[in-house]
Structures are given as structure tokens and as C-alpha cells.
Amino acid sequence: MSNYKELKREAFEANVALPRQGLINLTFGNASAADRDRGVFAIKPSGVDYEELRAKDMVVVDFEGKRVEGDLNPSSDTPTHRRLLLAFPAIGGVVHTHSSHATAFAQAGQAIPIFGTTHADYFNGDIPVTRKMTEAEIATAYEWETGNVIVERMNNLDPLDFPGILVNRHAPFTWGKTVAKAVEAAVAVECIAHMALMSLQLAPKLARIEPELLNKHFKRKHGADAYYGQSSK
Amino acid sequence: MSNYKELKREAFEANVALPRQGLINLTFGNASAADRDRGVFAIKPSGVDYEELRAKDMVVVDFEGKRVEGDLNPSSDTPTHRRLLLAFPAIGGVVHTHSSHATAFAQAGQAIPIFGTTHADYFNGDIPVTRKMTEAEIATAYEWETGNVIVERMNNLDPLDFPGILVNRHAPFTWGKTVAKAVEAAVAVECIAHMALMSLQLAPKLARIEPELLNKHFKRKHGADAYYGQSSK
Amino acid sequence: MSNYKELKREAFEANVALPRQGLINLTFGNASAADRDRGVFAIKPSGVDYEELRAKDMVVVDFEGKRVEGDLNPSSDTPTHRRLLLAFPAIGGVVHTHSSHATAFAQAGQAIPIFGTTHADYFNGDIPVTRKMTEAEIATAYEWETGNVIVERMNNLDPLDFPGILVNRHAPFTWGKTVAKAVEAAVAVECIAHMALMSLQLAPKLARIEPELLNKHFKRKHGADAYYGQSSK
Amino acid sequence: MSNYKELKREAFEANVALPRQGLINLTFGNASAADRDRGVFAIKPSGVDYEELRAKDMVVVDFEGKRVEGDLNPSSDTPTHRRLLLAFPAIGGVVHTHSSHATAFAQAGQAIPIFGTTHADYFNGDIPVTRKMTEAEIATAYEWETGNVIVERMNNLDPLDFPGILVNRHAPFTWGKTVAKAVEAAVAVECIAHMALMSLQLAPKLARIEPELLNKHFKRKHGADAYYGQSSK
């Protein structure tokens, strides 16, 4: 019997949502769900086919990086997830994909400029991109350092205002209060990247959305004055 | 028992058609169906997952904006739908999506130029785009004012000749005699936007379709001389 | 009881293949299957939803254009099909779609340049494009004249060497020995158009395939020396 | 009873995976699985519809090119597969597709530049492209010579470091230790091509990935220091 049945179920649901949403081919990508009270998170095992994945295969790791339940190796990206969960206390889950359009921006080392309300419904500005990693960062604890360059770039940004980032030359990471929210952010980032790419084709010099419209849309969904959805804040 | 069972069913069918047609990710987008005799329309509740949506969840609102049936909050875009239903007496339904290609044009603030007969089968000219909204419009009754800039732009255009529009920086709204027709227009707008984007890649200075061909195709399907389909007009 | 059960079945299968292959949205597009011995062809009824279409709904029309079986109106494009079946005795079926990438070329009035072997497996050169139609042609028997501009452009080309064409400002028509072959050509044209568009993005001045390679690939599949597939030609 | 039941099953699974992964339309493409101990490989029959394909239809051919089991003609590309299996002793399967984005690069005669870690997870550098074939090569044993230009281009490259190539004007071939790995490489090549095309749109002069990052990602998955997945290398 697992001591983390619900947490593993939550992580599993998030992981299998990724290929279903068209965000993932092959075994790229992974999702983790944290239980902060117990100081652990559940994450996908490394290199397992999505079609064969089962909830019980999820690996439970503590915040020091020690495996506390599961026979399989956790995702090789586990240190990045751990770094983000440690740095951003407000989040409960992390998602990593190589979704095509977002990855095209990451490869080009370009932030995704905020051009419309679809973007503003999820992000309070451009989707940021990290600096390139140094040779030393790559040579040592690569995945942990990947987390570090994300944290460095997020410096003065609220992770719930900016629920994702592009790692330079690599691909997007997203997060949220729950791992389900992190999956939603991953879908949004891919969709926003696709639209931005096409808007740039139509208007290569396109200016960003007007601040008042960004502000309006972001606040429709976030914060004390949100009025989107069914909750009664 | 609902007093609006059929109307809610009609709105529900339209709403669930949107993700099935690939026009919608996440919870973006909504459809409304009007019953003009009874002075009401049924619309999607705000922020509910499409996979969980049921016909009975549709919210019925009257033309003054008062909820007359349903426990959930109506879509936050309800005032835009209401504004359009009030302004265009010939229409019976409104659809809003963030479909990717149409939204790319909206973000760029560009009308979709009419380049071929696919477009002319649905629109009697370019798919128009609104002006940007002012700070005052955004700060006050934003969704109602979104309807107002649409109505302003449609000024001298027949809404059945132009069954949709792009809201600047935002995304498309479409409409029709019935909400099913509005869904069809939403599919057409997305498809037309995709084709126009690619035609512009091939020929950046491409001229619009010749007026006689536009006229021919539009009238094959619309008005007194239509001869497309099975009706005996 | 129908006198044309098999022919209608054949036309039906071709018509429903079009949306399944992603070539068609809404009610755009149609396929016809000819029985030359009996001097008739079966074609899709006008404006009927693909999801509701049944084999028995196919309309049978003779080569003079008279409906010989069926209660519904035949496709409004029937005169174009009839014109092509009359002009090209070697073909047994015609398909019309508004598939997105091919239509983008048609709207731009550009032939699809032959850049690779995928193209050469199906066409013995560029996929041609018609001239624009005149005001007089559009004003009179528009659909018949659409067939005429196709026939005019095909002038010195063998319809089995060039199993399709783009109608300027409009969309592709394809054909083949059977309607199933015409469907295959429609899939190929869309796929070829997509690849050509991307190759042009990569290399705007890209030269056409070398004649010896074109020749080799086309003849692998066509004519006396074909050695592709299972037949013993 | 077949003497090669397992091998044919393996080849069959690979072949039907190709359309399911969106890599193949129509009858383009084929996969082969080799049994080096018995000196044979199983390959798809020529021009058979994927929907009708059965495991027992696979054709078994020996390394001299003689059919040793099966009634159907083997794929017309069989000599290319045979050439590659002979040249690269480390591989156990070959896949050929006309997947759209990879083929767009092949048609343009351009290698796919390595821009990010998705690419580096599979290839130890650019995805190479062959030179064009000569008239003499095309006129004689065309498919065998297609293999030869691949082998020539791979000259000083390890086929497990570069599990695929683009044939100029044609399309990709991929390979791997098993045919399942070759299918995975085919999916990766298509995905990498799509991303590279978009990155080039965003940044036409984009530099390649830094060598230290390429090295890191490639070695995470390949060779003595690999630590991705569940194996205990």
C-alpha cells in the first residue's frame, strides 16, 4: 500500500494529460505534484512510455531530493522540479514539456511578447526566457542549475503572475497552485506561442498589448477583483 | 423542470461543438442562443470545463442582463453577447472563440483580406476588425463596451453579410440566424484566417478577390438568388 | 430500389473520405463517380452535412446534366464535374475540396512548383493553376465555365499525368481513373502544397526538381515501366 | 506457418505506427526489421494500404536481396533498406517516411541545424542531408544508389550518433538498434524539423546550440555515462 496514493494519482493525471493535449511526443516532458505538509512531491519515472504509465509508477521524492517511495528512477529533470518547488512556496506543481511552438521560441532564445488578451488571461507580461547556461553550470549539476537560471530570471516576478518560463535553447517549464493548474499553463503557453508566431508573420514590428488591456484581462482572472469563473473569492 | 429546456439544449450543443471543431482550448470561448419571443438567451456558465458541461448548466439571461434561470454565473462575456443580440435583431446566436489563426489577425489588429471563394462563401468582403478600445472603455463596463466597438465597426454593414468580426488585440466573435449558424461562421473564420495567412506568405502583396467573383460566390449562398443547398428560395 | 446502388456507394465512400482525411470543413467539397457505360455519374447532394450523409442520398446525373435518380439537389458544382468527365474520357471520378494549403496557393494564383519526389510520385510537373475567370464567364454558367477554364489550362497535358489543378482564387479539383484515385490525388495535392510552402520558407528561390529525378519517380508509379505496388504491369 | 513470425510482427508494428504517429499519408513510407543472426529482414509490401495491412503480409528478404518468405512484392525501397543494413552493422531496423516538415528540409536540400536540446536528445549534431544523386545513379539501380549516397554522407559519422538523414529532394530515412528505435527517430526528426523551421522564422540567422549543451544532452541519453531512463548503464 502506498502512503501517497492521492498525490501519485494527481501527478499521474497531470502526466497523462500532456500527450492527450498534444504537448508531448515520445517520452519528452514530465509533471510533478507537491504535498508541502509532508515535504514531498510525486513525479514521473524517467523514460517510461506514456501509454504504459500507471499511477503506481509515480516516484515520490522529498524536498532534499531523496526517493521515499517507488522502484523506478524519477525523471532526470527531478532536480529542476525540486529547485522550483523550493524557490516558489506558492506553487503546488510543475510541468515540463517540449511543446513545438513554445520550444521554437526557447530555441531562438526569445521571450514570447504579449500581443493579446489570450496571453493576458494567463501571464502578466511577456513569457520570460532565461539566459543561456554557462559551461560550468552545464558540466556540474545540470538539472539543478536549470532550476537556478529559472529562479534567477524570475527574480522580481511573482510566480503566480508568471506561471511559466522558457529555458533558453531548451523548452518551457510551467507551474501553478496545483499541478492541474500547471498543466493548464502549459497548454496556454503553447497556444500563446503559436498565436504570437503568426502575429509576428503578419506584423513583424507588432507592438505589445496596451497596459490597460493587459491589466484588465489579467485581473479578470487573478487576484482580489477577479470575476471570471464560479468561485466567490 | 426548466422553462427553457430546448433553448438550453441548443446553446449547449453549440458550446460543446467549439472544442470538437478545434476552435477552443481550455475554457476560452462561449456560445449563446436567443429566444426573441421570450426575450431571453441561454449562455455557457463562466469558467466551466467543456468536458464537464451539461445542458442543464446553461444560464438563461434576459435582454436586460438579469439571470432568469440557472445557479451558475453566466460567462463573463455575457454583456458582449447581450449587446450584439440587442443591436442585430436578425441574429439568433453569438459565438466567441480564441481560435488560433483568427486570433493571430486580431492580435495584429488586421482585418482578414478576402482572397478567395472560401471566404466569399461566408462574408461579403474582408472580415472586419474593430478599433482598439480606449482606457475609459476598458476601465468601466469592459465586456459591454466590447460589444459597443463591434457595433460601431459594423455600422453600415449587414450582420448577415458579415457574420463575424475580430476584436482588436482580442479574438473573433461570430453570429448568425441561429447559434448553429454562428458556430459554422466561427469554423469558417478560423479556416479563412489560416488560408489568408498562407496566401500572404506566398504573395505578400496579394490583391483582393475580383468583385464579380466575390459577388457570385456570396450570392450563391445568400439572398433571393441563392441556389446552394436544398432549400427552394 | 436503386438502379445505381454500387455507383452511389462508390461516390458515397469517396465523399465521406474527404472530411476523414482532413480535407474538408463544413460542407465545402464534393466527389463524383462515373459509370461511362451507362452515361451517368453519382455526386453528393448540395449543402448536406457530412455527418448526416447516406449512400442513398447520392444524386445520379447523366452526361447531359439531367438528374436521373435522387430527390435532393445535386451539388452546385455538378456542372464542373460534368465538364471534366466529358473532356477527359480516361477519368472515372472527380473530387473538389477547399483543403487549406492547396487553397492558399489557389488564392494566390500560383501553381505548386515541383520540389521533390513526393510531388513527382503523383504529378509529372507543377500542379497547374487556371487563369482567372472573366466577368462574362462568372456571370453566366459559372460552374460550367469553371470546368472550361480547367480544360483550357490542361490543353496539352495528359489528365493522368496531372491528376489535378488549382482553380485561380478558388481551390483544387482532382481526378483519376476511379473516384478513389481522385480522393488519393486530393490528399496528395494538400500534402504537396504544405511541403512546398515550407520549402519556400526555407529557400525562397528554390529551383525545381531535376528532370531525371522527376521522370524516375513519376515512372516508378505510372505507365508501362511502373514497378511500384502489387500489379504486374 | 511462418518461420519469421516474430520478426514480421516487429516490422508490422513499426509500419502501422507510422500513420498513427502522423508521419505518413497514403502509402508513402515503410519500415524494416532485421534478424542479423538469420541474415534476413522483414519489410512492408509495396503499395498496400495501411488500413488493410496485416503482420502476415510482411515480406522477408535476405541480405542479398532475395525474397525468402511472402507472396507480395516487397516495398520498392527495399534495396535502400538493404544497403543501410549492410553498411551499418549496429542497426536493427530502418524507417522511411515523407513526414511533412522533414521533407520540406529535404526538398530544399538543407540539413536541419541543431538549435536546441530536443534535437540534441537524439542527434549529435545537424541532421545531415545527402548530395543530389547523379543522372547515372538515378537511371540505374536507383533505390540501391539512394542507399549509397546515404552511406557516402554518413562516412565519418556513427549511425547511432546520427540515427537518420535527409535524402536530397526526397525525404528522411531513420534507423536504430531496433526498428522501434528507428520509428522513435522518425518521430523525433519530424518534430525537430517543425521546431527548427519555426525558430528560423523567429531568428533567420540563429546560431547553433552551444557545443557543451549539445554534448550534455546527447550524453544524458547515449553512451557510457547515460543517466536517462531506467537502465543501469
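As written, the chains take the letters A, B, C and D, and residue 1 is the first residue of each chain.
By definition in this document, a contact is a pair of C-beta atoms (placed from the backbone, for glycine too) under 8 Å apart; a residue touches a chain by one contact, two chains touch by 3 or more.
Since we're looking at a predicted model, the values are computed, not measured.
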item	value
Shortest path length from subunit B to subunit D (each step joins two touching chains)	2
Superposition rotation for subunit C onto subunit D, Cα-based, multiple of 5°	90
Proportion of interface numbers common to subunit A and subunit D (over half same, under half different)	different
Rounded Å distance, subunit B centre to subunit C centre (Cα mean)	32
For subunit A paired with subunit C, centre-to-centre distance based on mean C-alpha positions, whole Å	46
Per-residue overlap in subunit B, given as positions that touch at least 2 other chains	201
Arrangement of touching chains [line / ring / star / complete / other]	ring
Interchain pairs in contact, sorted by label	A-B, A-D, B-C, C-D
Residues of subunit B defined as touching subunit A within the complex	25-26, 28, 45-48, 72-73, 76, 98, 100-101, 103-110, 132-133, 135, 138-139, 142, 169-171, 197, 200-201
Contact footprint of subunit B on subunit A as seen in their complex	115-118, 121, 184, 187-188, 191, 194-196, 198-199, 201-203, 206, 209-210, 212-213, 216, 220, 227-230
